[in-house]
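In what follows, structures are represented as structure tokens.
Shared between the two complexes below is subunit A, which pairs with subunit B and subunit C, respectively.
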Partner chain A sequence: MTNYLSLSIKEIHELLVEKKITPLLLVNEAIKRAENNDCNAFEYIDKDVFEIAKSLVEPEKDNLLWGMPFVIKDNISTKNVLTCASSNILDGYVPIFNATIIDKLIKKKAIPIAKTTMDELALGGSGTTGHKGATLNPYNNEHIIGGSSCGSAVAVSANIVPFSLGSDTGDSIRKPASYAGIVGFKPTWGRISRFGLFPFANSLDTLGFFTNNVEDCFILLDATTGYDKKDSTSIVNKIYENKIEIDNCIKTAAVNKTIRIAVIKEIIDSIKNKSIVNEFKNILEELEKIGINVNYVSIEKNILRTIFPTYFIISCAESVSNNANLDGLRFGKYSEAVTYQESVLKAREKGFSKYIKKRFIFGNYALLKENQEKLYLRAKKNRNRIIDIFNNIFMDNDIVFLPASPDIAPKINSIFDKDYFVSDEYLIADNHLIISNFTGSPSITIPAGFFDKMPFGFNLTGRIFEDKKLLNIAKIIEDIIKFKQKAKKI
Partner chain B sequence: MNYKPTIGLEIHVAMNTKSKVFSTGAVSLSRAPNSLDNVYDLAFPGVLPVLNKQVVINAIQVCYALNMTIDKELHFDRKNYFYSDLPKGYQITQHVRPIGINGFLNISLKNVIEKVEIERLQIEEDTAKQIHFKNFTLVDYNRSGVPLIEIVTKPCIHSVEVAVKFIETIHEIITFLEISNGKMEEGQLRCDVNISLSGEDKKLGNKVEIKNINSFSYIKDALEFEIKRQESLLSNGSSIDQETRRYDEKNKVTKIMRKKNNEIDYKYFSECNIPPIILTDNFINDAIKSSKELASVKRYRYINSYNLTEYDANLLLSKKEISDFFESCVKLTNYYKDLANWININVLSYINKNKISFNELKLAPNALVSLINDIKNNNISRNLGYELFSYMIENGSSLLEAKTALHIFKQETNEEIIKKLVLETLNGNMKVVNDYLKGKQNAVYFLVGKTIQKNDKINPKITLKIMLEEIKKIKKNN
Partner chain C sequence: MNDTLSVDIEKIKSIAKEYFLDFDEKKDGAFFLEEFNIFLHQLHFFLNDKNIDNYKPANFPFKIFFPCAYLRDDIVEDIENDILKNTKNKVANQIKIPKVI
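The block that comes next holds the complex of A and B.
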């Protein structure tokens, strides 16, 4: 039987409207595929949704998400459905409320079928640190899929669902998308309410999507964007609430040479995998051919090298405070003890992995009175400096275009020597996606090609609030890349 | 040797808004423990703070009353620490940019004006309430997230009296602005005091902080004890350690909690879930305009427009609820002085005797005012007035209802009818009349009483007047 789940949202919708398939059939197939998947992508598969699927009989013509199955990263609050952020400290936690994004999708009658694995509490980038162990790449189980939204990346990459929800604090959607050969989109910070998203580093956290194509991101952003009175940082300004849809003008703009794309030279120079660089340059040529301006811009390497440490300090500091509520007393796993202090100590000692504790210690250290000035506040200052540099680039350019990662997904047991983590390949080429979390910019990774039969992706980042323009340009590039044709050859 | 105390105060005031400072959870102190829980106030994963507008309005009103500079932009920070009453593991407060700075309050003490400078006023959230038992502690999250303002003075107070009077004035301000119920016994106003002594070299000694005192008298006692304790240490040549203490009400002493080197590092940083909020001039002005009248303004009106004595005015203003009752009565009468007396003496003594609050008072303002008017117009005697008052305050009835119940109707003022009764009395009591004529002045009241016995509705004053006229006639005829 055809796997309808690998189709685009619009294609599936047409089949549903024509009644060639039903939501029940889709959900059946999705759950079967989820259960048979061997990548460790799921925390919890919700079989109660069969009833919901059965109740959806009459297709809603104008509602593209009607009856569409999807999966949810496990740090997004789902009412009456286990949500533990792949951490032992939240074992058994069943929230009593839905995240706003979930309410919106359920209202559209999309069907959430599962919660997906992630790096514990989203504090990681490998997809290997959740309490259920490593999540694997469906292209090759010897490779990682990347994180922290690892399970949600697998679910789309392995055609289990047409779309999934993730969260992105450093590059937690866009890096796994690159490793998984799919689209990963992080809208402008504030576009989608964060109410119900378990916070990692709230000044950077953004909800977003994995999809098979750029157009699906339009549909999902349109369905989930908007001001939410439960999130004071959600966008109030009505100007930004224009309906989001594919804009043919952009194609005309490309022909008229009004689209300007910036490529940061130092980041390209830091990539060692020449196949990826060559493929990237090929695409640049194609873009110039259709009339898009490509500008090489420069940022000092010394500044680019500060991106990761800056991110690490800010995110660890915010995370230690954000996760101070996890004490096992009111929800999650309670630890029996005589005193309050002992109980909390025990809950946190057992509930967090060594990796989490390290980050908490680091975050605490950066916030201590005697260290704040030279660590936390300095990092915030540097963040602002990087934002300024990027805003400068955006004065003359619509988009920053770069390979999303310097290489394909690493093997699970690959060992990097210490020098690697201070190399430009790591600090610059492997961590530049963080910049759009600093700025709050919309940013999207689209699949670009293969190396060693493993996929890699390219990333586009736009001005804040210009999600629509970003997606339009991404669509143009997607059409040029023709990833699906490349995939067929693999 | 003489030591001079220098005192700084930090006062926490719990607001009486409908909902909490950062959530839609209800604020109510009378509800059963943990019955008002809201996912935000329990710090469930994924919840976000949303600032309550009324809290900002209230804070602006207090800032204005304290002559403070109001920040046109709101900023919030996190104060991080673990404690069993703090579900999030941090408190949202305004560490870096408080809404109000650089204020002052002039307070008068024994006719001397003392200026107390105020450093800052900040908005923050309350912790959960803990009830400690011998082997366990209960936590009531109803209080978690109740809006607080913290008012911090400069270390500019040099006497216990000024410190206490300042706190009393703050209490008066927040209750008259109606932003707090100000019940200290329920922790709605609580105080941390900082105190250091200086000797002849005028150098300030080490600072001792006494935390969380929640009654005027405890504050006075704690300060007095602490000054004595430090004085005796200094006199013995010992030094004062910088430390945090608490007041033990039972033994009337302060006890050490922690030394300075054990101070908590709160690791403050900015709260990015609440973006900076611009306060427009219009918003600030509207907030100020909608302020309730301050006690100081009322006091001026009571003394200058109503001609009350300062003593009476102060008594009426000693509690917001007394003044509220006075205000609702004063609209209905011009007998200000009588009204003040009735409230300050009769109403208050009833309230105190029965241990009730003004909310539970059944007496309606118009009932009291009608009574006062009736007495002033000589429609009823003062004694009858007390009887009617007792009935009205007990039963919550109107004056008419009370009169009906006590069988008192409109007084008989028809002079012909009264004269007939007077003559009857005189005829039957000639011996008493003679006594009066011989100089026994009080005898006339006996005769008036005898007359009223015949008909208790006749007006006593008119009866007396006619009685005297008739006796005069008898004297002439003799």
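The block that comes next holds the complex of A and C.
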């Protein structure tokens, strides 16, 4: 059978409109693949959707998402469908409402077929801390796929669905996309309503997508953005949007001279895998050949080394507040005890893994009266400094372009010694994607190449609200990289 | 490194208890202590960079304006049946909860 689910949204739509395939055929195949998938990518597969698929008979020519199957990260509320954010504390929880993003996609007649595994409550970056265990990389099951949106990354990488939903607080879409050889897009903070997303760190959380190609991100952006009064930080942004559409994509060398790409030297210098660096530099040369300006910019390494601890303090502190209601009384499984304090203690002791407890303890530590000034408030000041630095880079550049990760996906049983976690490779090269969570900038990872038969990606970040300009430039780079041809050789 | 930021297992347990968290010290104590110490080492450049003090704290990624960042009024809807679906313990049209006082 033709692998329809590996096609782009537009290609699948054309086949649906020509009635060469039906939504029922797509949903049947997607669910079959989901059930047979050996990567531990799914929390729940919804077989009730067959009836929905059967009811879609007359294709809507102008609706590119009509009949399109997709999957949803399990921290996004889905009415009447189990949603537990891969955490035992929410075992059996069924939301009574849809997240706004789900309502918008259902209104477009896209068909949600499953909820995907994730790092517990999104507080993780390896894809190994969910209550069902590690989610594996479809390229090689001995490797992780990253997190926290691990299951959603698998679903697109393994051609189960053409697109999936994820959330990105500190690279949780863009890093797994690099490890999975797919596109991972985080729009400008506030453009997609977060109503219905289980909050991790509100000032950083952004909903986004995994797709097989950049063009699909345009379609999904149009379908899901917009002011929502149910989300108090939903942004009204009509005045900011760049109106260039993909059909008017910048192609000529003369016009390309208006695109200015910044590359941060110190981040490149922190990457030890020279194959990735060399491939990145090859692409820069190709970009210069077509007239795009490439500018090397500098940020002091000591400042870059503060990104990860700043993120960790802010995100853990915000998560402590956001998850205080998971107590077995308001939410979560009740635990019998004599006093309510013991009941809450028991519920949370059983409901959370040690990895989550660690983050909550760090968050609480940063919020202690004696530490607030030197940790929490200081982290917010440093965030402002990093925002300032990046805004200065964007005065003279349209895009920041960098390798998304310093290496391919690590093996599941990799052991890193303590020195690694204070190295530049970890603090700078492995965590620079966090910057666009600080700034709220749109950011996209596109697949770039292979090393040891495992994929890696490159990342582009743009100015706030210039999401479509970012996607336009990403499309140019995607066309130069020709990843699908490289993938066929592997 | 600033000594006031060092921790021992007793301190970690007391912070955890404030947030209604507990853990088996024999099983996971070493894990928490090691992770905490790695974190405190990672703070080195963050704690020693005096330039950070020249900035105001950022609460959001960028400045946001009305109608953003406001508290809306509740929208009243009849969702009694939906709410009751989520509990195993109900009496008539009410959720039965354990006595916690």
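One rule holds for everything that comes next: the second predicted complex is superposed on the first by the 474 of 490 C-alpha atoms of A that agree within 3 Å, B and C clash if a C-alpha of one lies under 4 Å from a C-alpha of the other, contacts with A are read in each partner's own complex, and residues count from 1 in each chain.
Operating definition for what follows: contacts are C-beta pairs under 8 Å (C-beta built on N, C-alpha and C of every residue); 3 or more make two chains touch, one makes a residue touch a chain.
Given the structure is predicted, the values throughout are model-derived calculations rather than measurements.
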{"item": "Partner contacting more residues of subunit A (subunit B vs subunit C)", "value": "C"}
{"item": "Partner chain(s) touched by A:77 [first = subunit B, second = subunit C, both, neither]", "value": "first"}
{"item": "Partner chain in contact with A:309 - subunit B first, subunit C second, else both or neither", "value": "second"}
{"item": "Partner chain(s) touched by A:364 [first = subunit B, second = subunit C, both, neither]", "value": "both"}
{"item": "Contacts of A:490 with subunit B and subunit C, given as first, second, both or neither", "value": "neither"}
{"item": "Contacts of A:57 with subunit B and subunit C, given as first, second, both or neither", "value": "neither"}
{"item": "Contacts of A:233 with subunit B and subunit C, given as first, second, both or neither", "value": "both"}
{"item": "Partner chain in contact with A:195 - subunit B first, subunit C second, else both or neither", "value": "first"}
{"item": "Contacts of A:327 with subunit B and subunit C, given as first, second, both or neither", "value": "both"}
{"item": "Partner chain in contact with A:99 - subunit B first, subunit C second, else both or neither", "value": "first"}
{"item": "Subunit B/subunit C common contact set on subunit A", "value": "93, 96-97, 203, 229-230, 232-233, 320, 324, 327, 329, 340, 344, 364, 368"}
{"item": "Subunit A residues within the subunit C interface of the complex", "value": "80, 93-94, 96-97, 189-190, 203-204, 227, 229-230, 232-236, 302-303, 305-306, 308-310, 312, 320, 324, 327, 329, 334, 336, 340-341, 343-345, 348-349, 352, 354, 357-358, 360-362, 364-365, 368, 370-371, 374-375, 377-385, 387-388, 418, 421-422, 427, 437-441, 464"}
{"item": "Complex contacts: residues of subunit A adjacent to subunit B", "value": "75-77, 83, 85, 90, 93, 95-97, 99, 194-199, 202-203, 229-233, 317-318, 320-321, 323-327, 329-331, 340, 344, 364, 367-369, 372, 376"}
{"item": "Residues of subunit C touching subunit A in the complex", "value": "2, 4-5, 7, 12, 15-23, 28, 31-32, 34-39, 41-47, 49, 51-62, 64, 67-72, 79, 82-83, 85-86, 97-98, 100-101"}
{"item": "Residues on subunit B engaged by subunit A in the complex (per definition of touch)", "value": "39, 42-51, 78, 80, 82, 84, 87-90, 137, 265, 267, 269, 272-275"}
